Amino acid sequence: MRRNERKVDELRLVTIETNYLIHPEGSVLISIGQTKVICTASVEERVPPFMRGEGKGWVNAEYSMLPRATEKRTIRESSKGKVTGRTMEIQRLISRSLRAVVDLTALGERTIWIDCDVIQADGGTRTASITGAFIAMTIAIDKISKEKKLPRFPVNDFLSAISVGIDREKTAILDLSYDEDSTARVDMNVVMTGSGEFVEVQGTGEEATFTMSELQQLLSVAEKGNRELMKFQKEALGEIAGKIGGS
Amino acid sequence: MRRNERKVDELRLVTIETNYLIHPEGSVLISIGQTKVICTASVEERVPPFMRGEGKGWVNAEYSMLPRATEKRTIRESSKGKVTGRTMEIQRLISRSLRAVVDLTALGERTIWIDCDVIQADGGTRTASITGAFIAMTIAIDKISKEKKLPRFPVNDFLSAISVGIDREKTAILDLSYDEDSTARVDMNVVMTGSGEFVEVQGTGEEATFTMSELQQLLSVAEKGNRELMKFQKEALGEIAGKIGGS
Amino acid sequence: MRRNERKVDELRLVTIETNYLIHPEGSVLISIGQTKVICTASVEERVPPFMRGEGKGWVNAEYSMLPRATEKRTIRESSKGKVTGRTMEIQRLISRSLRAVVDLTALGERTIWIDCDVIQADGGTRTASITGAFIAMTIAIDKISKEKKLPRFPVNDFLSAISVGIDREKTAILDLSYDEDSTARVDMNVVMTGSGEFVEVQGTGEEATFTMSELQQLLSVAEKGNRELMKFQKEALGEIAGKIGGS
Amino acid sequence: MRRNERKVDELRLVTIETNYLIHPEGSVLISIGQTKVICTASVEERVPPFMRGEGKGWVNAEYSMLPRATEKRTIRESSKGKVTGRTMEIQRLISRSLRAVVDLTALGERTIWIDCDVIQADGGTRTASITGAFIAMTIAIDKISKEKKLPRFPVNDFLSAISVGIDREKTAILDLSYDEDSTARVDMNVVMTGSGEFVEVQGTGEEATFTMSELQQLLSVAEKGNRELMKFQKEALGEIAGKIGGS
Amino acid sequence: MRRNERKVDELRLVTIETNYLIHPEGSVLISIGQTKVICTASVEERVPPFMRGEGKGWVNAEYSMLPRATEKRTIRESSKGKVTGRTMEIQRLISRSLRAVVDLTALGERTIWIDCDVIQADGGTRTASITGAFIAMTIAIDKISKEKKLPRFPVNDFLSAISVGIDREKTAILDLSYDEDSTARVDMNVVMTGSGEFVEVQGTGEEATFTMSELQQLLSVAEKGNRELMKFQKEALGEIAGKIGGS
Amino acid sequence: MRRNERKVDELRLVTIETNYLIHPEGSVLISIGQTKVICTASVEERVPPFMRGEGKGWVNAEYSMLPRATEKRTIRESSKGKVTGRTMEIQRLISRSLRAVVDLTALGERTIWIDCDVIQADGGTRTASITGAFIAMTIAIDKISKEKKLPRFPVNDFLSAISVGIDREKTAILDLSYDEDSTARVDMNVVMTGSGEFVEVQGTGEEATFTMSELQQLLSVAEKGNRELMKFQKEALGEIAGKIGGS
C-alpha cells in the first residue's frame, strides 16, 4: 500500500489555481500532491528568426526549479552559468508536447513563451508542468483570439502528462512521488491528448529493463491518469474548454 | 493622491505566510502590495573556503525573478549564462544587511543560504526580499538553536527594509510601487534595525540630484515604514520573536 | 518503396570496424547506411566524486558531430561555448542505456568513458552510437578483465538501438535515413537487450500524435531491427561475445 | 592621528594629469594618495539599441583593476570569464553618477564610453574613478562641442565623489586609505555636484549599524572633501571649466 | 636511428584519401605516420561582417581533436565551454597559411570554412592539417569555379607544412612523431609554397635556445619535407593540380 | 625614410621606469616609441597542480590591453566573457620565452606571475612586453634570492624581443610602429638571449610569402635591435644585472 493509502492507479490530490499572477497572459499554480509548479504563458508578437515570414506561430517552454524546491538545496543554473542537461531535456519535452496540439498556422506569426517554475518538488515535476502549462497556454491563446482575428481557435485538443512506473514488486503504479520514483525499476512519462492518442512516450529502465507486457500495463495506467487530469483541466478552463478542437 | 487613496507615508498591504514550503528550514511568502517574494533559508553545515576554521558562521543570499514576474517577460539569467549587474548588486545588499544583525560567532561554523525568488514584481522587490528573508532566516536559526547547543540565540535585532522616494512634486513618499518608482526623481532604499539604527542607506538621483533637506525627509519616512514592517515581522515570528536580541 | 529498394522493415548496410584507433582501450567505426560514427571507450581508474568509496564503477558517454557531418555545416559547440540541449539529451540516453547492461559492482571503482563522434550523418546517429559504443565498451571491459581480477565479466547482456517511425502513409518503417526522418509523423528510438527486453523507448509525435496500435507496430519492427544488429555485434566481438552474460 | 599626520577631515595628496594618453578623446591619470586610476573617455557616434531614434545621448562606464593593483594579485576577470558583482556595482555607480550632470539631449545621439582602470589601489578607487572620469568626460565632450554643433555645452555641473567612514573610535574620517577602510565600522561613498547637492549616498554598516547623528557627520565631512576635489578638477580643466553649466 | 629505421630527413608514410565524406564540398583523410586528420572545406556564400561589400572572399579554419585521439583522453572543449589557447593558435596558423596562397579577390565574396578534426594524434597534427586542408580547399574551390564564373582559378600556388626539430644529439630531424617531439630541444613548424618561399616559420626553444646555424639546418630539412609533401598533394588532386597558379 | 627620420635599423625611443608600482615584487613601465606597457612580476609560493612535488618553479604570463590603448576602443575581454585567440597566443609566447632563461630548479617550487598590461599601443606590444617583463621578473627573483636560500641566481641570461618586417619596398625594417606593421608584407617577432641565441622566431607572411634571403636580413636586423635593447635592460637593472648567468 502507498503513502496515504493511495491505490496503485490513483492520482495524488490535484488543485489548479488559474490567473495566479497579474502580469502574464495566462498563469496557473498547479499542485499534484506536494509538487507545485507556477506555469505562465507570455505572448510575443514575433517568432524566432528561423521561422520568420512563414505565417506560422511557435510555442517554446522553459523550466526551472527554485533552489530549495528540493529536499537539499540545489545550485542555481544562473550561478553555474549554464543550464543542465536534465533541464534542457525537460524544456524540449514540454515544448514539443504543447506544439502537438496547437494549430501553429491558426495561431499566426507569434510566439507563446511557456515558463514552468517548480516551487516545490515531490516527483512528477515535468508532467505537472505539461499539464499546468496546457491550461496557461490555452488561457493566453483565448486572450489572443479575443483581440486578434484568428481563422479558428488554435488549440486542437486537450493535452496532459503523467508519470508511471514499475515498482520493486513489479507492479505498475500511477503518479509517482519522489520516494517512489527513486526506488522504481522503470520510469515512464506519457503525454496524451483528449482523444486518447500518444504525443510522447518516454520509458527508461533505471539500470534495469522491462518487458512488452510491463510496457502495456504502464500505458494502460497512464491512460487512466491522463483521462482524470483532463477533467481537472476542463473544470479549470471553464467556458474556454468548449473552444478547444472547435472548427 | 496615490493609487488606492494611499497616503504619502502609508505602506501597501503587507501579508506574510510563514512555513510556505515543506523542504526549507525556514520559508516565507511575503506580499507587499502586488509584490510577492518567496524567501527561503537553508542551513549548510560548513562555511565558504575563505572562512574555514575560524569558528564563525556565514549568511549568503541569492535573488532572482521569475521571467514573468514583470510586466514584460525578461530572459532567464540561466539562459543568458550570466547573472546581471542588478542581480549581483541586490544579492550583495541582502547578504550584507542580514549579516549586520547576526552574531556569526554564536551561529557557529555553518552557512545560512537565503533565496529570494520574486514571483510577482510591483516595486520594492529588494526591500521586500530583505524583510521576508529576515523572517525565514530567523525561523531557520531557531531550528538550529533547538538542535545544536549554541552559546546564545544568534540574531541580535530585528531587520527590515523599505524603499522611499521623492516624486515629481518634490514630496517624500513611502513604499513605491513600480509606477511610482519609474517616475520618482530620487529613489532610496533604507535598511534598519529594531533599535532604529541604519544598516544601509542607498540613495540615488535618477538623472537628478537631491538636497540635504530632502535626504532628511526620506530618512524620516523610511523610519516610520520600517517600524511598521517590524510589527508584521514580530507577529509572523510569534514566540520566536522573543528570542531575538536575548543574551 | 524506399530508396535503394529497401523494404519497410529492412536495415541499411551495416559495417563495423573494431580497433579502429590505436590509443583507446576499445574503438569502433560503425556505419549504418551513410551514417558513420567513431565510438571509443577509455578506462579511467576512478569514479566521479558523488560515487567514491562505494566500490562501484560508472559509464559515462559524450556525443558530438563533426561540423560537416551534416549537409549544411553546423557551428562547433566549443565555438559556441556550450553544449546544445539535443547533445545533452543524446549523451544522457547513451550513458543510461549502456549502464543498463553493465554490472557496475563487478566493474569495480573505475569509469568507462564513451565518446561517440559522428563523422557523417544520415539519420539514426544516436542509435548507431549506442550500437557501436556497446562494442567499444565491451572490448575495453575485456581488456580490464584480463589485467585486473574482476569477480565476473561485468557485461550482462547485448545492447543495441534502432530508430523506427511512422511515415506519411501511416506505415511503420525501420532504420530511418535523414530524409525519411524529416518527413515521418512519428519517430521512435528503441534500445533493447539480447534477451528482448526494453531499456529505453522514446516515441515522439512530431507535431502529431499516434495510437496504441501504431505504437505496437513500431515496437515490433524495432525488435526485428535490434535482433539483426546484435548479430553484427556478435560477429564483430568474436570470442569476447561469449563472455557476455556469463556468470 | 592618521598616517602621515593627516587630520580626520583632510584629503590625501591629489594629482591629476590630463591628456595622459594619445588615443582617447579625453584621458586623465588621477592619483589620490597611493590610489592611481587611468580614466579615459571615448566617443562613439551611436547609442545602445534601446535608445535609438530618441535623439538623446548616453554615458556608460567600465571599471577594472590591474591584477597587481592590489597588495595580493587578483585573478583577471577575463580569465575567470565573468565580471564580479563588485565590478558591476561600481560600473553602475560611475555610469549613473556621470549621467546625473550630463544633458543627454544636448549631447545628441552618441555614447561617451568611460573606462576607469585602476593601476594601483589604496582605498577609494571607485570615488577616485568618478572624480577622474568627470574630467576625462568633460574634455571629450569639449572636443565634440568644437567639432559638432551642439545646442549648449552638455555638462550641467561639476561632479566628484569621496569616501568617508566611522572609525573604531566613532570618529567620522575623510578619504579612507585601504587600511582605514578595512577597519572602519561604517563606510560611505558620497557623490556630489558643484552646487552641493547629492547624486548618490551609499552608506554601509560593515557588520555594524550607524545612527542618524553619525550619518550627518559623515555627510558633512564628505561635503568638505568634495568641495576641495572640485577645486582640483577646475584647475585641471583650465578654460574648459568655464563652459560647465553655461546656457 | 629513429623508429622503423627512419632517416633523419625522411617523412613518415603519407596517405591521402580525397572525397572521404559525402556532404562537404571538399574533404580529405590524411595520414602521416599514425597521425590522421579529417580535413573538410565548406563553402558559404557570404563573408564575415567586417568584410562585406569589398568583393573579396575569406578562408577560415577550425581545428579540434577527438577526445581519444591522444594517448590519454582529453576533455572536450565543448564540455569545458571554451577553446584552449593551443587550439586558437593552431586555428589562426592554418587560416593565415591557406589565405597566403588564395587570391581572395578572384574567389569572390564567399567564405571557405576549413575544419581539421584530428582522429588520431602522433605528432605534427597542425602541419598535417595544413597539408590536408590545402587539398580539401582546392577541391572545394574547383567545385565553385565550375559552378560560378570566376575571373581566374583562385589558388595561386601549392602549400604544405611540416614539423622539424633539433634532437638531444643536436641533429636536425624531419617530421617528428609525438615521442620525438616531446624530447626535442627545438621545435619548428615551416609552411611553404610550391615555389619554395616561406609562409610561416615558427621556431621555439622548449626551455632551450638555438643558434643561427641550427636554424639554417632546420629550414633546409623542412624544405626537403615540404617538396615531397607537395608531390603527394599533386597526385591526390589529379587534374585539378594543373589549375593551380594558372592565369 | 620613416617617421621622425628613423633609419631602417633604428629603434624608437626606449625608456624604462623600474619599481613603477608599490605592490608587486617587480614592476616596470616600459615605453618603446608610443607603445607603453606596465609589466609586473608577482611571486606565489606554490606551483600549478600538474607540477607539484617536483621541486621546480614556474613562470606564467598574462597580457591585456586597456580598452582605449588602441586608436579605436576595443571591448574588454572580461565583458565578452572570453579571452581572444590573439591574447592567448601572446600569453603563451611571453611565458615560454621567459622560461627559456630561467633555471626553474634553482627557482624552487614557486610561481612568478607576469602581467603585461598595455596602456598605449603603437605596434610591438608583445615584444615590448617580453623586454619589460624580463626586467620585472628579474627584480622579483632578486627579491626572492635575498629572502630565501636559493642554490644560485635562477636567471641564466638576458632576454629581449623585437619586431622586424619587410616593407612594401622589400626592405627589412626594425621595430615597426602600428602604421608600418599594417602595411608590412612580412612581420616577424624575434626573441633572443644575451648570448645571441634564438628563443623564438615567428615569421608570418601577411597574405604574402618571403624568401630565404629575406629571412636572413630580418634575423640580422633583429639581432641588432635585441643587442641594443639589452643595453637598456642592463642599465635599468643596475647591480642586479651582474647576477644574471652567474654560477
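Order as written gives the chain letters A, B, C, D, E and F; numbering starts at 1 within each chain.
Methods note: a residue touches a chain if its C-beta (ideal position, glycine included) is under 8 Å from a C-beta of that chain, and two chains touch if they have at least 3 such contacts.
The structure presented is a predicted model; accordingly, all values stated were derived computationally and were not measured.
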Shared chain contacts [subunit E and subunit F, defined touch]: none
Both-way neighbours, i.e. chains that touch subunit E and touch subunit A: C
Cα superposition of subunit B on its sequence copy subunit E - rotation in ° rounded to nearest 5: 180
Copies subunit A and subunit C touch via same or different residues, half shared test: same
Reference subunit D; chain at largest CA-centroid distance: C
Between subunit C and subunit B, distance of the C-alpha-averaged centres to the nearest whole Å: 51
Centre distance in Å when subunit A and subunit F are each reduced to the mean of their C-alpha atoms: 60
Centroid distance [mean C-alpha coordinates] between subunit E and subunit C, Å: 34
Residues of subunit F whose C-beta touches two or more other chains: 81-83
Chain contact graph, described as a line, ring, star, complete graph or other shape: ring
Cyclic ordering of chains (reference subunit E, direction subunit F): E, F, D, B, A, C
Residue numbers on subunit E that touch subunit F, as the complex places them: 82-86, 88-89, 91-92, 96, 99-100, 104, 188, 193, 195, 197-212, 215, 219
Residue ranges of subunit B in contact with subunit A within the complex: 21-24, 27, 34, 38, 40, 42, 44, 62, 64, 66-71, 73, 76-83, 87, 113, 115, 117, 119-120
